[in-house]
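Note that subunit A is present in both complexes that follow, paired respectively with subunit B and with subunit C.
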Partner chain A sequence: MKKKRRSGFIVACTAPAIILFIVFMIIPTIDVFRMSLYKWGGYTAEKTFVGFENFKKLFQNPKFYQSFQNSILLIVIVTLVTFCLSLVFASILSREKIRGQNFFRIVFYIPNILSVVVISAIFSAIYDPNQGLLNSFLSLFRGDKDPILWLGSQKLVIYSVAIAMVWQAVGYYMVMYMASMANVPDSLYESAALEGAGRINQFFSITLPLVWTNIRTTLTFFIISTINMSFLMVKAMTNGGPDGASNVFLSYMYQEAYTNSSYGYGMAIGVTVFIFSFALAGILNAVTRREEIEF
Partner chain B sequence: MKKENSGFGTSPKIVKAFIYLVLALLAVTILVPVAWVFVASIKENSEFYRSPWTIPQGFHYQNFIDAWQTANMGEYMLKSVLVTALALLLLVTIALPASYVLARFKFKSKAIWNTLFMGGLFINVNYIVVPIFLMLNNGDIFLRKAIGKPFFLNNLFILALVYASTALPFTIYLLSGYFKSLARDYEEAAYVDGAGYFYTMVRVIIPMAKPSVVTVILFNFLAFWNEYIISMTLLTKQDLKTLPVGLMNLMAAQKSAVQYGQLYAGLVIVMLPTLILYMCVQKKLTQGMTVGGLKG
Partner chain C sequence: MKMKKVLCILMAAAMVLGTAACGSSGGDSSTADSTPAEDTADSTEDDGAAQEEAESQEEDSSASDEAATATGTLKVAAVETAYGADMWTDVCAAFEASHEGVTIELTVDKKLEDVITPEMKSGVYPDVILRAVGAESGLTETFVKDNNLVDLTDVLSMTVPGESTTVGDKILPGFVENSICNPYGDGKTYLMPMFYGPCGLFYDQGLFKAKGWDVPETWDEMWELGDKAKAEGIALFTYPTAGYFDAFFYALLHESMGNDKFQEALRYGEGIWDTPEAQTVFDIIEKLASYTESTTPANANDNDFQKNQQLILDDKALFMPNGNWVIGEMAEAPRAEGFEWGFTALPAVSAGGERASYSFFEQVWMPAGAENQDLGKEFIAFLYSDAAAEIFAGSGAIQPIQGMTDKLDGDNKLYYSIYDNGAVAVMDAFAATEAVEGITTRATFFDPVNSLVTGDKTKEDWVNQIKADSDALRAALKE
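Moving on, here comes the complex of A and B:
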């Protein structure tokens, strides 16, 4: 009797979560992998099994390489710049005696609570060729030459997106690094200062090694979140334009699977990106492995 | 006394000034664009053809009325509030019991479910949004044949359900982390007093989890309120939109018929609630982030 009540309770508590999880996450995920092997428009009943044909087509398509290149570029630039900036600002805010420390922390985190659509709209206003903040600011230095088309030029657009992404991400990673720096005991810095080690020296010989574990975890997150965030940003800011020049992995996938209704092909992109991101994260994880330092 | 070695070989005062300068620079690059949107939202349309740095000539609140009524932002706001509230309610009522049981009860399939939910942390909605759309679309095709009416797409409740479901892995991860840290004694004492499983959970355990639940609600409020890809894909009707998608429409419309004032008023409408919430709970939010670990 008691046993029955217990298992009844367990089932009642977990069943809703498990059912929803299976229906809206597991099945769609399996679908992504399964449908990548089919040729299917998405709306018709007609599905043909084509094996790895979608992948073959994918690797011959220059559009895919364009989005691949953009994604890699964003992963490298955004990760490097955000990483350096957030690490430096985190160590300033947690090590230095700064007036208004709280104020800076609060302000730096603001972009993180804004919708990507809002950020895209803000940056569209900044990048506007004629009435934009950036061009009007730059005209102070370069005069009224031809306006720079930040989002309209095929060459510049991806860098413009990168700047917006860094703007969005710095505060988030800074707060994270600050939390792990708070765990480093002050005594280490005190004795280092007595030995005559300066700020920069302290940063490289104490702070960096001691928060290394945390940094490694965030590197994986940088990759995964850059792939996702670049999609959200590009979709709202440029929609892949001009002429596909700013397409990234997932915006290309969405375009093929949803807008162009080549569902099977789109899912093949999804599978490729999924595997790629995990492989990259795994490699980075292995390369950055150091002996853990206890404190 | 020994002088502090600054590392730059210069006097500490200059270093300090430099540090303040760098901090101020970043603060300005973040604050100026946001503040500019607020300023621009009260400008008249004609003012946008001058330098963007001019101060508004007056308080042109008509922008907000236009955005609210003409651009339908009021309507979208209502939809957003509804979906967000519903999704949060669903998420908490479904995730709380599940995380409690998954964390503290021993049963056969427990390890499988825990692993699956952990794996779910790595499934990003961006990958599965189109399959979800097609699944719901197929459901609608079936329903049209069977009862003559579609149900799944363009349904705010379904949208909220998808939001809640996709937030489950992280929420369960966070909550069961908390439940695992509790001592066994609480339940044992309750059982000795003759309380049942359900009563123990609702009256003894869940009240203790309040701080974690608040963290969950805060994070997911921001996530649901700001979300736009799922909403854009699952709500295909013109008049049925959440705020961020409505804002995207406004951005697109602005390109043809230049309505800057309306656009920036719309922007303010979308970001004001999150900014106010952030000002009230910023400490909790930045702390919660580090307690709960990472969310990509």
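Moving on, here comes the complex of A and C:
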């Protein structure tokens, strides 16, 4: 009797969260899958069922592949660079005694609390071909040759976006890594030092294995946040331009669903992104699986 | 202890209820309350009861002729542009004053779509919407593509409230008979022309005077001028974003092809892009790309386009395609000494040939889901009255109605008199199609100009893309 009441209580307590989750996560997700099978402009009552037609068109469209390439490029570059930088910074800031440690912590973290619009304004000032910081600095070495069009050249633009994204993300992951590095007992480092292990050796043999679970979690974060942030960055900085050269998954989806009146097609892109990011996260999770090391 | 559990359960239940309430689409009142537009709107507070009463009255008055006596609540949604939001509040107040028993619920917002879309998705539509085609959101295009508009042909024969002329007679010729207002080519008007502005090339008159240069009248003279300017370190051309090439492209196409072929091109006619006239247009744009200020593509995005416009103010480039709103947009910007805005139609393709200027205009329309259609039409007719036109003109918004250009003064006169000086007004746009997934006219026709300037695409790549996409668009044309 008492057990029954207890489980009833648990149900009542978890119900709100479950209902919220179903209403705002499960149902919309199912809806996205359903809508991807329709031709629909977004406002009318009538929707035409077209089966997998949207997907067929999607996989024949060079612009989709371009945005796919850009997204993958960003995921790889931003993840790798941010991962390395934030790990290095985190280990320096948590292991070494540096003057102004807190100051650096804050400085690194600040970009993360800035709005994307502010970041894009900062970077558009840096990338400005004529008065920009970057070109002015580079002109010290290369003279006043034709200015480099950081946001204008189709070959460079996606890297320019990547740099802004790395700058924005480093602080956040650094703090995450620092949090787990703080849990590593000092005694391990002390004994390693006594055994004659150098700093680099300590990093790879002690720090890295002991924060591995944390790293695995952040890898999934990297995928999700890069897909999302790249949309915001691209939308604010270039809007997919020049000539679609910086389009990513979601900016292309937005363009189709809201500008081109192809809501169903847009949802087909959404489904593809969903499956892709799920699969990628799964693969990453599988290949990074190690035996957990306890301390 | 027991009390605590009961309390917990009660609180959990309250949360569940709250969630359920959020999940449901909500009644009339809740959706109305959630409109953030109320900040900007001058909507009179109307409680549910009054609204219901008004609606029942609305049902009683039936025929459209009697619309003048109709009462009720009219939902008007207008995008806030450079003209500001006040003129809309004033016009709605004037309409309410002249139509007793009518309440207008006005939504004016810079991001109009963000405000009205959630309601429209749940089936509640504004009665009258002002939003032009060509906006990034494609709101108007979406309604056109979906055949989701109210036929407004009968508004043209309605008498302007308080006046004796009909709406159709009052609107300047050409503004209704075009592919934007008659998107389906069936002689029916679905969108009504509102504020217009000539688009053309903007330049610094002061610079031309100081250098003793003449404004070129043909493209050949343009290239000559380009070489002269280059010698002085000034580029011939720049553009804010590639999207500004729409007006430019239409006008140039019209100059080169003449109206019949132009109309055919707008309907993606087969083989039209292979004609020598079309090739001339592509050649001119290709050549223009080579004369374009080299950093232009880097700033040709919605964030930085003003830097390109600044090139004109700084005398670093001679011409840019734009509309008269640029003057307000750059009012605060620093400028070269002696700077004075100049405005010209596009140079002619050959000496003595046609010179064209595209007339950009905004449109007002009614979604098919509008509830108060008669009252909405009455409101649209009212927008063409002298009283309304005066309010609009006070904010600089000029409507294409008879006698309006005579009342203009100052800078405005310069721009609007361009058609009196022999320039041909071009008003059409590409014909409406069913939505074609993956193809937008902007990405096909205009965005590649960036690639032409940077050299990432050749003219051939561009034209081939246009041809291929035109085939797909032609197949999706509305009958």
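Criterion: the second predicted complex is superposed on the first by the 265 of 295 C-alpha atoms of A that agree within 3 Å, B and C clash if a C-alpha of one lies under 4 Å from a C-alpha of the other, contacts with A are read in each partner's own complex, and residues count from 1 in each chain.
Rule of thumb we're sticking to: a contact is a pair of C-beta atoms (placed from the backbone, for glycine too) under 8 Å apart; a residue touches a chain by one contact, two chains touch by 3 or more.
As the structure is a prediction and not an experimental result, all values here were calculated from the model.
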Looking at the combined model built on subunit A, do subunit B and subunit C fit side by side or clash?
clash
Kindly classify A:76 by the partners it touches after superposition: subunit B alone (first), subunit C alone (second), both, or neither?
neither
Who does A:243 touch here: subunit B (first), subunit C (second), both, or neither?
second
Return first, second, both or neither, reflecting whether A:127 touches subunit B, subunit C, both chains, or no partner chain.
second
Touching A:57 in the superposition: subunit B (first), subunit C (second), both, neither?
second
Per residue count on subunit A, the busier partner among subunit B and subunit C is B
Applying the document's definition of touch, where does A:279 land relative to subunit B and subunit C: first, second, both, or neither?
neither
Once the structures are superposed on A, label A:208 by its partner contacts, choosing first (subunit B), second (subunit C), both or neither.
neither
Where does A:258 make contact in the superposed view: on subunit B (first), on subunit C (second), on both, or on neither?
both
Does the superposition put A:41 against subunit B (first), subunit C (second), both, or neither?
second
Can A:84 be said to touch subunit B (first), subunit C (second), both, or neither?
neither
Which of these subunit C stretches, 117-125, 189-197, 279-287 or 405-413, gets into subunit B when the structures are overlaid?
117-125
Name the residues of subunit A shared by its contacts with subunit B and its contacts with subunit C.
9, 12-13, 16, 20, 23, 42-43, 120-121, 124, 236, 258
In the complex, subunit A touches subunit C at residues 9, 12-13, 15-16, 19-20, 23, 39, 41-45, 54, 57-58, 61, 63-64, 120-121, 124, 127-130, 146-147, 149-154, 236-239, 241-245, 255-256, 258-262, 265
Looking at the complex, which residues from subunit A come into contact with subunit B?
5-7, 9-10, 12-14, 16-18, 20-21, 23-29, 31-32, 35, 42-43, 85, 89, 92-93, 96, 98, 103-111, 113-118, 120-126, 131-133, 136, 167, 170-172, 175-176, 179-180, 193, 196-202, 217-218, 221, 224-225, 228, 231-232, 235-236, 250, 253-254, 257-258, 263, 266-267, 270, 273-274, 278
In their complex, what parts of subunit B are in touch with subunit A?
4-8, 15-16, 19-20, 22-23, 26-27, 29-34, 36-37, 40, 48-49, 51-53, 94-95, 97-98, 100-102, 105, 107, 113, 116-117, 120, 122-124, 126-135, 137, 161-162, 164-166, 168-169, 172, 196-198, 201, 222, 225-229, 233, 244-245, 247-248, 251, 260, 263-264, 267, 270-271, 274-275, 277-278, 282, 285-286, 289-290, 294, 296
Considering only the defined contacts, which subunit C positions touch subunit A in the complex?
5, 8-9, 12-13, 15-16, 19-20, 22-23, 113, 120-121, 123, 136-138, 141-143, 145-146, 148, 241-242, 294-304, 307, 367, 435-440, 443, 447-448, 450-451, 454, 456-457
